[in-house]
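In order of appearance the chains are A, B, C and D, and numbering begins at 1 in each one.
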């Protein structure tokens, strides 16, 4: 800012600020982009990696055979215990399955590892609890809808 | 002290770890004389999670989700650097479509990250409204990511051998619509911020980083390109399909905050260009190569280099032949940028400290690892 | 380049090989500053990465210098004992060695002679041990 | 209406042989109470307005829950929350200074409202040195800011206070110069006379050299109330919150009140000096006065939510290198035009 063009500079500065004011004004006239959560929910895509659920086959039984593939794939040990029944002859089914949401990274590696498509990450993103124990899900709380039902 | 004047006393000002402008949990010990900074000592480590140590106890695929948490504003680049190193070790060839999808993901992430830069930089300088504009446009990218990867920030969607899944229907159209919108919005930012006299007064000539100093300190990315050094990993060592794409490496010779800011603003336009090319050329085919269930790379070491929004993000992987890496090291650009910061701050005022820190665009997640 | 290095440093150059665009050399600790200075004279101005890893029987400190003009990498590996290692600091040659050296000190316990400010960087000052040692 | 009320009661009082000074005093107290309530209410409105305007400019919605669709009671709820908060004295604070500072800031901010003409005779006390009074009293809060900064025993607060002092001192000069132009034109320091002078020859903003004074006044006023681009004393991205960083609860609310009261005052005073105060057709005078004041308030807010912040030395340089010379030129020019 040299002395010679001080006047020009002042005028240009003022103009630049007026330009900015026009931008804010045009934005004020645009529709709002925010949503009124929680009254207005944001649509969550189908592929969302949220809460883990166990799926059931057509016979209503769990698809999980307690093969431990998901446990081995999990990077953060969020699936600490899996036990199946030991009935001979029939296919093995999971009896105990624990998912620790507080450890989960929601990376989806367990779903990818599962050879039976028995687990899935769902659109449920709000996983809250009053203490840590609430975030440890056993099989009862992990049950998803059976085949044919909508998610 | 014979003048009879009271000697000025330096005060030590602790900026951070909880301060609105330190972009996370950085702590700067500023020694001030009045408002002028005499010395600065950055203190880091508040976000250290030991990811490099954790990686030693995990299998190769399992490390991937942790890389998201380094530079959490552009998890694609982190994934890419790690995956690139592992693929080099394995000698794995990735399907063409996956390469394009990776570039799309990387460039979307670059725009998103630069938008956060724009937003926070403007906010640091007091232009709160631009903050919300930047976040508003970034949300469009987040929508794209969530419909593709099912996550907004921590996507881990660049996987060893390809990408996590193919893009869903409608993705290309939505992405192209974004590409059409973005340049208009960038013009708007230019009108409200870049041209603004006050903004220029705050950034022009402030926080000089001479090119030699930058190179000597390992600075990279927009921070170095703002000093006129034409160094971009995408050009220097093209990975994926960057070699076939038409884009400019933006540089500015001014070495100041304005230069770094302008480089990023221009880079967003270049990213839009890259995105348009990729979306139009996207070949059909597989998105993931055949990868063995248990990944056991042969003994050796590899260095995966990626141009992240902040600079050269690299991953050094040493394999001892077991399914777990012997060493995973992440070369974080912000780490190096922070180490030059004291040199850049000297002699400037507290208000400039915020501007200069904002202009090197650090993410503490990758600094502390 | 390899020949030049060999003739110049002789015994101190433990090994050298060209892998793609990377020139991987291994040098003895004592010769490190000269090799680094030599590299800098030959265009390797950019300290891309300085790190270390625990190879079980010894530590390997890895310096990766890049020539921004040609895109060549020079990877200098320096072996060091697993405990009580001392290496000459490269801070006088590469400013970018400052923090990585502190980090290596912090995580591996390698001391760098001539470093201006060798303190822990990621961990707290009262941390015991060096976590990245196996 | 106000004037007639004053006359009616005054006559009744006089007829009943009561001493007139009691009536005068009582009238003033009543007006003061009225103005205080008015100021507190308008701060509630202003805070709401600021939040709504900023939301509009930023593609957001803003307050929309408390008290209906547009959240009119949001500020009231916030004020209530602040009232109920714990009163904290930071360890190491100078308790007396810390305790006193909010009042030192708040009281003068309220006092200046004394001379505002909401209508004909609708001022608490139209002092014959009104403009001088405003200048004197509105410079006072900065002492409170320094007290707050010093008393908090916090470096950020001290820096904020120092900035506030420096800025206030530098901007007082062009502010006074701008006012001097008006005073020269009106030929009186009494606010009522200034308003009256605008009745005859039109608003001062329309008379030749006073546009310059208006511009000066407007810019310095923004600096006086610490609004972006001059919000250095608070600068939340640099100094976190500046001088009131350690304050919480009701004490913080006092600073907040003072700030918004002052914002309203400078806008209203701008309307008084340049826009003909309460004068205007059809609508009642008080409504005109509020309309003009709010127009200025909205303009200040609009600018505040658009531009970035200056640096402290740039702020000072802007005042001393540009505004003060400009102010002096304006005074000279006004003098010449007036004498002509």
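As a working rule, contacts are C-beta pairs under 8 Å (C-beta built on N, C-alpha and C of every residue); 3 or more make two chains touch, one makes a residue touch a chain.
These figures come from a predicted structure and were not determined experimentally.
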item	value
Most distant chain from chain A by Cα centroid	D
Selected pair, greater C-beta contact count between A-B and A-D	A-B
Distance between the centres, which are taken as Cα means, of chain D and chain A, whole angstrom	50
For chain A paired with chain C, centre-to-centre distance based on mean C-alpha positions, whole Å	42
Distance from chain D to chain C - Cα centre to Cα centre, in angstrom	63
Rounded Å distance, chain A centre to chain B centre (Cα mean)	24
Multi-partner residues of chain D (each touching 2 or more other chains)	57-60, 305-307
Touching two or more other chains - residues of chain C	none
Residues within chain A bordering two or more other chains	17, 20, 23-24, 27, 33
Touching residues on chain B, where the partner in the complex is chain C	44-45, 48, 50, 52-53, 56, 213, 215-219, 229, 231, 236-237, 303, 305, 312, 314, 316, 318, 326-327, 329, 331, 335-336, 338-340, 368-369
Of chain D, residues touching chain A in the complex	56-61, 64, 302-303, 305-307, 322
Interface residues, chain D side, partner chain B - complex	54, 57-60, 155-156, 159, 228-229, 231-232, 235-240, 305-314
Chain D-touching residues of chain B, taken from the complex the two chains share	11, 13-14, 19-21, 35, 122-129, 132-133, 136, 192-193, 196, 198-199, 201-202, 349-354
Complex interface listing, chain C residues touching chain B	21-22, 45-49, 51, 53-55, 62, 64, 68, 71, 73, 94-96, 98-100, 107, 120-124, 131-132, 134
